[in-house]
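Before we start, here is the structure in question, set down as structure tokens.
Order of writing sets the labels: A, B, C and D. Residues in every chain begin at 1.
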Amino acid sequence: MAKPKIGIYGLTGCGGDQLMILNLENELLDLLRNVEIVAFQEASSVQQDEEVDIAFVEGSVSTELDLERLKDVRKRSRMLIAIGDCAIGGCVQAMRNQEMTMKEKMEEVYGKGEEYFKVLEPYGLSKYVNVDLELQGCPIETTEIRQVFLSLLHGDTPEIKDYPVCVECKLNEYQCLLVDKGMPCLGPIIAAGCNARCPGLGIDCVGCRGPIMNETNAAEELHTLLEKGYDERYIENRLRFFGANFEGILKLSKMLREKTGGARGK
Amino acid sequence: MMENVFLPKLAKIVKNEKMTAMEHFLRLQLLDKKTAEEFQYNLGQFIEISIMGVGEAPFSICSMQNQKYLLDLCIRSGGRVTSAILRLGEGSLVGVRGPYGNGFPLKEMEGSNLLLVAGGLGVAPLRSILQYSLKNRAKYRDITFFYGIRTYDTMLFRDEFNSLLAGGDESGCKFYLSYEDPKDEQCLLLEAEYSDRCMSGVVSKLFERTEISPKDTYAIICGPSIMYKFVGQELTKRDVPPERILISLERRMRCGIGKCGNCIIGDGSSIRYVCKDGPVFTYWDALHTKGMI
Amino acid sequence: MAREIVVEHLARVEGHGGIEVTIEGEEVKDVKMRISEGPRFFEAIIKGVKYDKVPDVMRRICGICTASHSLASIRTIEKAFKVEVTPRTAMLRDLLIHGEVIESHSLHLFLLALPDYLGYPDALSMMDKHAKEVKAAFQLKKTGNMVHNALSGREVHGMNDRVGGFSTMPKEEDLLSIKKAMEDSKAAAEDAVSLFASLDIPDCTHSENILMALDPGDRFGYLGDHVLISDGKRKRVEEYRELTNEEVVKHSHAKHSSYRGSSFMVGALSRVTLCKERLYGTANELFREHAEKLNPRNSLNNNLAQAIELVHCIDRCLEDIDALFNNGIEKEELAKIEPRKSSAIGAVEAPRGILYHDYSFDENGCITQANVITPTAMNSANMEKDFGVAVGRLVSERKENLESTLELIARAYDPCISCSAHLINVKFV
Amino acid sequence: MTSESLDAFVNNLETYGKIYGPVKTGESCSFQEISQSKEMALNYSRTMIPPKKFFLKLKERMFIFDERECEYEETLEDGKIVVFGIHPCDIYALKLMDKIYLDKNPDKYYQMRRENATLIGYSCHPDEYCFCQSQGTNYAVDGFDLFLHELKDKFLVRIGSEKGNKIASENSKFFMDVESSDIQEFREAEGKREKEFTLKLAINGLTDMLALSYESDVWKEYADKCFGCGSCNLVCPTCRCYDVVDNVNMDLKSGERQRMLNSCMLKKHGLVYGGKNFRPTRVERLRNRFNCKGSLREDMMNCVGCGRCTVYCPSKIDYVEVLRRVRGEL
């Protein structure tokens, strides 16, 4: 069987997900024996615009150029895998979506009175193209990308975790920060896969893997944290860090905004 | 040394044949002779097939026990394990555990009429009963088989059923076929030829074609979950007692032996494990166990 | 007739960039480092976020120098709220940033820069002929990552370094295995120095370079509150605006950094040049051995400087780990924080050079204003200067050669484009 | 046995394996390996993860396989352990687990660990979340090797098995005969303890009540509050659902099969072929959980009243409150 052709591409993001692939280190060399790398932006100058079996795309669509490149990659790939939160829900750069216009953001950074380049409100890939698989995480986990690679090479569809961080937290017998300490942990609504890294270190989950698709009970998270004494804006910000484009949080934000009336975040 | 029930036994694929676009016929032979000889199953039981590195899934055995200790299965692909099975060539090895589940009460059904109602892939466990009852024809009275398909292309064990259709009552079984796509050409041809035994519509429509005697009839249903409700209603309308209507259920299963808990159904007063209390239940169970159908 | 050279896509850098040079006859008309990486507006989105989670957002500016952004952010917040951290925390931070430099430099030197010199498209395809180098790269990189993992909790965007200290102390066995890994990979780092010293480095960019680096105190390092400048001046980081003079340039829709009207350079070459007398141990010896190869007027020497820093970092990590063991690594509570209305500026030396974070808070400790200046942003003007010089000298060469030379220069700076996307020349052609 | 001899007694238990006892970890408690009795917090109310973790591991490898060799190879580890300080509710829970895991198809992993374990019970006092009294599981009659009842300055020790008897005779120097004053003291202590229970749940007829309330709005109401995070199942001493995955190694030929505890509150739990889910929303899942817990299996209720699911629910869904709503009491 011919080696599958793989392309690794990046749109707007921090490069951390490609780096996590490189962080497979020695294992990467073993893995790469089984595939043909056609493009690996962060690691190689080879950038062939040919058809690939699997395209891994990192980063959010934040510019017209991103969009153009994404569409091109989609056309050339049999399977397109979004890696990292940026490519799924836009990640932190999307946290003010619907709250601030791009013009406002631009003025904030570049000052007023200039004519600025055209940027898009950041979104994940699936807003624009069909995505075959999404690997959540900011960044993705090496264990996970390894598993995905192995599954695909073995010929199977990778299994993606679709349950909350709390499960992994319990499986590791970490103390529950939310229940025992009243810390504002987002574990109950965030997709597992990190092996509950933060609770394991005594840190409340900020949700870097993004909310669980179609299962996010954001309203209850708000309610729970309000009861613990956190203020609404604080909680909303937290929910938005990695989840501003996710349905449950979007709805909640909208509701909160209607309640208080007018724009916020100023 | 105590036996580890979770450790699969190796079996060789002796046949892996495409039946339709989605289904394959799989024939397995257990490698170890002794294991094979000890492998006695009831019709309606299932086995767990393991593919190394992929996982494990339950499948009904679709033929009656035979002297050569071959296990026949009919597998619909699409998931991880099922797609992997499809890739495996003849001679490849898979892991097998089982047989598990209760199976059908064949002894109890002796002397009765049998009505077998299959929808789509549900034909798999019913085919074994059909085989058995035809082989032991004298033990049963009327044998009627309803088979519902979507299109001719999705029909399983096509040759066998076509010959039943062609054979009419002579075949020992009254075979009826329903198809859902009214424009399917091959089905239309069949209907033209066997208008009394073949019609378009869902499988429960076949009840219009034949009389079911409420007395002394055992009905066995297997198919997609909504089918149970409709067929069950048709049968109860015809006064077949719910405890003589048997259904075979599908649930997510990870162990097959009542440990992993994924297949639990019911309410406080009727919790059941589909794997070990079933997969065969009566319609009476279904009426009294919440969430069963 | 005007001729254009466009290096369409700058690969093997972190982020998207390209170089655009316009030549008229023999004269270089215009040089642009084109960044197509989308801007992410961190300074805008962070407004209204409470201080405790600010580092969690800001460290996501960059996947490679994530600990640098973390520490810059944390130190700025601590400055604003006048928080003192314990010596143990300071020690762990020192270890963390040295680990990050190892990870980043080994990635850059071996996997990104070396293929240029050896004529390969990437390190992975060097595997057959240069297995030793590739293995060394992964060995060193892994060693750096072990520090990230043990101290910050993850290779990228680690979260254990918090405002006020570390949430959980690293495990003893992790520190021991890091120590072992460091000892094992020291030779690889020294080999890197010999390797980069032996390369034939072109001198096409030879020109005046103003250098800047943080004053690390008595010993070479990456944390400090003052900036050393090659003109002999020493400034407080609070004066960073005068040191960077970011301004919006009409024709390019972007900000440019300059110091007294000229571009300047930050990064490894600046650090080892400005703090050479503070290098110690093996790194010091190696520096002296290769002193003449480290001429700061040739920006391409940055790679050799990075290799020397690799050696320094390994030694320093070992020292830090020993010191940690000597002083004990019992758990410490995070320092108590009382937010107040305030502003502060903090800086660290990221692997690529000085990194400034500047925040203002309201009385609840929520951000009201933020500014981040990354090393790549500061270097971009200098990079353009170097492109100009090089093209001027090589203009008669064949186009392909010129292109690869430009790429070579760009990569020598180890530009991290995603973190600076909002600051460098952005022009869509 | 006198209170002073506890330390020496615990040390002597080493011959029966590694000793695990309740240890304070932050604000909660956990069964951890100990070397001295004073490391234990024996007055604990409950550990977050129940002792089921010793028998049905939270995560474990079942076996390894190799495609080239065509073989499955079981990976069993059998170390002897002593679980010290286990409460009556958790003892009952293990009895329940035994019914499932040691039935006609016994789970070898579970069985071996059960055989390798010594259980030493320890008396406890209820807090506001305990309702074991209502479940009839507040006093362990059997299911342990030894049971220590803490009295004023001594322990009344009950022997629950042959192994327990052996331990006691080997350590006879620590044990004294029970005197009538001890019995009196024990009787008073137990009487007092019985009165300490504040949380009550009427369980008679509960199974039918659950069946009748299948379509009740209560489920929807609580499902809106529920995160579907699965914590309730994972901390439950009688929840034993698990999930299985195969992991392949780098060589793509060998690997392992792993199982880990699962939860019926997760969406995958009811998912089958073709994306069909038998419990598509939290309403069905929550209802299923309560029905399963409130059902009988061989005359034992699937809930032992330990209170863990209420304590560790991030959304503060109160198990007893839900069932009282179901009963129409609230």
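Quick note on the criterion: a residue touches a chain if its C-beta (ideal position, glycine included) is under 8 Å from a C-beta of that chain, and two chains touch if they have at least 3 such contacts.
Computed from a prediction, not measured in an experiment: that's the story for all the values here.
K.L.:
Could you split the other chains into touching-connected groups, assuming subunit A is not there?
P.N.:
B, D | C
K.L.:
What is the identifier of the chain with the smallest separation between its Cα mean and the overall Cα mean?
P.N.:
Central chain is A.
K.L.:
Of the pairs A-C and A-B, which shows more C-beta pairs in contact?
P.N.:
Ranking A-C and A-B by C-beta contacts puts A-C first.
K.L.:
What is the distance, in whole Å, between the centres of subunit A and subunit C, each centre taken as the mean of its C-alpha atoms?
P.N.:
25
K.L.:
If you average the CA atoms of subunit B and of subunit C, how far apart do the two points sit, in angstrom?
P.N.:
Distance between chain centres: 65 Å.
K.L.:
Distance between subunit A and subunit B based on Cα centroids, please, to the nearest Å.
P.N.:
43
K.L.:
How many angstrom lie between the CA centroids of subunit B and subunit D, rounded to a whole number?
P.N.:
39
K.L.:
Quick one: which residues in subunit B touch 2 or more of the other chains?
P.N.:
Expected reply: 53-54.
K.L.:
Quick check: what residues of subunit A touch more than one other chain, meaning two or more?
P.N.:
Only 154, 159 qualify.
K.L.:
For subunit D, which residues are shared contacts with two or more other chains?
P.N.:
Residues 245, 247-248, 252, 268 of subunit D each touch two or more of the other chains.
K.L.:
Take each protein chain as a node, join two nodes whenever their chains touch, and name the resulting shape: line, ring, star, complete or other.
P.N.:
Shape = other; not a path, cycle, star or full graph.
K.L.:
Of all possible chain pairs, which ones touch?
P.N.:
Chain-chain contacts present: A-B, A-C, A-D, B-D.
K.L.:
Considering the complex alone, what residue numbers of subunit A touch subunit B?
P.N.:
154-157, 159
K.L.:
Please output the residues of subunit A touching subunit D within their complex, sorted ascending.
P.N.:
My answer: residues 27, 30-31, 34, 147, 150-151, 153-154, 159, 162-164, 166-167, 170-173, 175-176, 178-181, 185, 187-189, 215, 217, 219-221, 223-224.
K.L.:
Quick one: in the complex, what on subunit B touches subunit A?
P.N.:
It is residues 53-54, 80, 83-84, 87 of subunit B that touch subunit A.
K.L.:
Give every residue of subunit D touching subunit B within the complex, in rising order.
P.N.:
62-63, 65-67, 70-72, 74, 100-101, 103, 105-109, 111-112, 206-211, 214, 239-248, 252-253, 255, 257, 259, 262, 264, 268-274, 276, 278-279, 284, 288, 290-292, 294-297, 302
K.L.:
What residues on subunit A touch subunit C, complex-wise?
P.N.:
Against subunit C, subunit A makes touches at 10-20, 22-23, 25-26, 28-29, 32, 37, 40-47, 59-60, 62-66, 91-93, 95-96, 100, 104-106, 108-111, 114-120, 122, 138-139, 142, 197-198, 200-203, 206, 208, 233-234, 237-238, 241, 264-266.
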